[in-house]
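In what follows, chain A forms one complex with chain B and a second complex with chain C.
Moving on, here comes the complex of A and B:
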């Protein structure tokens, strides 16, 4: 069970944070930044369209929320806040909870809980509260140094995120 | 999130969990901020606009904190407010309670349900504050200063993050002699979720 990647998008689709964990990437050190950015756009587009779809399919009074998208290769777990922040965690398909496969349902909810935790404890605490935070002006790739843009590496969001994900039983 | 008491209780619970700051320090810091602004800009209307901008930045950040805390505490905020009335209750009972610890009431819903008022009995920002009397020699008329205009900006910023574009105004102010503070909130439009510039079709 591995986590391949983690993305955070804002309401407009701009990537606020992205990180690849997969060991496959290490064999291709020069991944085209253009290509990655295209991929992220595709992910956002899919989440956006699916949300519209889910919204129209959901019966009245229930809360419409996309939890995950499962393909043959992996699963994309999503969590979206009312303020438009979308988090996407891409993992492979076999959550090894340490015990048997009957835990499949709880594993789904634990992803939601994990994403919720990342939002409330890590994102809000480290990023939103940072005095340097500028919503709408976040620099992701770290290439080029625009003064005045908020660089997420100035907070310890990434370290805390890594520590948190590593502590999850399904991480690796 | 439909009943008032639910929102009030939730607000109480959230307030209990928040780290607290000294109220006097808060009021005095705000007071010195406003004094500096008045000194810099001199025109009270301009100062009101600046306070609104400051409030807007605060609101944009507060909303994430509010949503995350309220969600985690199981307050059921994952189901969205069904209408503006619910939103008003949440803002007043939970939002104001959580961040400022004060009880705020809502009322005066307009006919078309697009406007409402928030009433604050006591305003923590205006402790120790007195606005000067009209200066007959023609100095800046500080009676036009909306001292608590920060609240308007905060509400505007926070609601914009959840796709509601609103206009807020302070209509009654205890500093000017009224018996309570009233903030009038008008819904201008409900913004649609759109993808940003990157996604414009060629």
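Moving on, here comes the complex of A and C:
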């Protein structure tokens, strides 16, 4: 299973972090900054509307939440915190989790656990708790470069994120 | 392990059919259904557009336009079958319900046999 991209959005739809991974994505025809930024807005809008849709279709007594969206090209795994921070992870569709096919159902929950871990152990520890961080200071331009007052590169977040994703059995 | 709702959307996003399939299906009014149908129609296409990787020609293996095939949420699974002509068959069910793909295919066959004269 390959990870294609990873995005973090705040409540208002602003991109806080974005990274593209697999070579399939990097070899796609070069997209300029404007297009990538537009694509991210599209992703945020889609996540927002999908959550409303799922909310109206979910039976009483269940908490509405969006876990994953699958298309022919790939799967989008989402995790939303109570504060409205949304994380979106794009992977491909084949769960090559080894010989145990019964794990298919739990493989989806393992993405939720992974995203939850990325939020609570990596994002909160590296970014939010950084002494230089103030909410609202992060700004990412079209190419995914930080232009705000707070630079994510001053924290370990990206390195730890890469290490964590590489340790997952489904990352290649 | 039960079905919740079935709805069918035509190629322009208009709702053809909606019906509850089980006891635990939330009651949703007709206006709300029309809204859900058209919202799903647009999101189906946007999901393929927003993905970092796209299929060649944007067509999936069945020859239909790529788009949302499955949505998993807390307490809900939604599956969609898009035909080559753009009609979408969408079924929602509680998590753990099996064979939703086969059910959708059967519904497609029944629809084309009975509803399309």
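What we mean here is this: the second predicted complex is superposed on the first by the 156 of 172 C-alpha atoms of A that agree within 3 Å, B and C clash if a C-alpha of one lies under 4 Å from a C-alpha of the other, contacts with A are read in each partner's own complex, and residues count from 1 in each chain.
Everything that follows uses one rule, which is that contacts are C-beta pairs under 8 Å (C-beta built on N, C-alpha and C of every residue); 3 or more make two chains touch, one makes a residue touch a chain.
All figures in this text were calculated on a predicted structure; none of them were measured in a lab.
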| field | Overlay on chain A: chain C relative to chain B, clash or fit | value | fit
| Taking the superposition as given, does A:65 touch the first partner, chain B, the second, chain C, both, or neither? | both
| remark: Comparing chain B and chain C in the superposed model, the one touching more of chain A is C
| message | Touch test for A:56: chain B only (first), chain C only (second), both, or neither? | response | second
| request: Classify the contacts of A:12 with the two partner chains as first (chain B alone), second (chain C alone), both, or neither. | output: first
| request: Figure out whether A:129 sits in contact with chain B (first) or chain C (second), or with both, or with neither. | output: first
| request: In the overlay, answer first, second, both or neither for which of chain B and chain C A:116 touches. | output: first
| message | How many degrees, to the nearest 10, separate the directions from chain A's C-alpha centre towards those of chain B and chain C? | response | 110
| message | Quick check on the superposed model: minimum Cα to Cα separation from chain B to chain C, whole Å please. | response | 10
| Once the two structures are fitted together, what part of chain A is touched by chain B and by chain C alike? | 45, 61, 63, 65
| request: Within their complex, state which residues of chain A touch chain C. | output: 4-5, 20, 24-25, 28, 39, 42-43, 45-46, 49-50, 52-54, 56-74, 76, 90, 92, 105, 108
| said: Per the contact definition, I'd like the list of chain C residues that touch chain A in the complex. | reply: 4-5, 24-26, 28, 32, 36, 39-40, 43, 46-55, 60-61, 66-76, 78, 92, 94, 96
| request: State the interface residues of chain A toward chain B in the complex, per the touch definition above. | output: 11-14, 41, 44-45, 48, 61, 63, 65, 81-85, 116-117, 119-120, 123-124, 128-129, 133, 135
| field | chain A contact footprint on chain B (complex, rising order) | value | 60-61, 63-65, 67-69, 71-72, 77-80, 161-163, 193-199
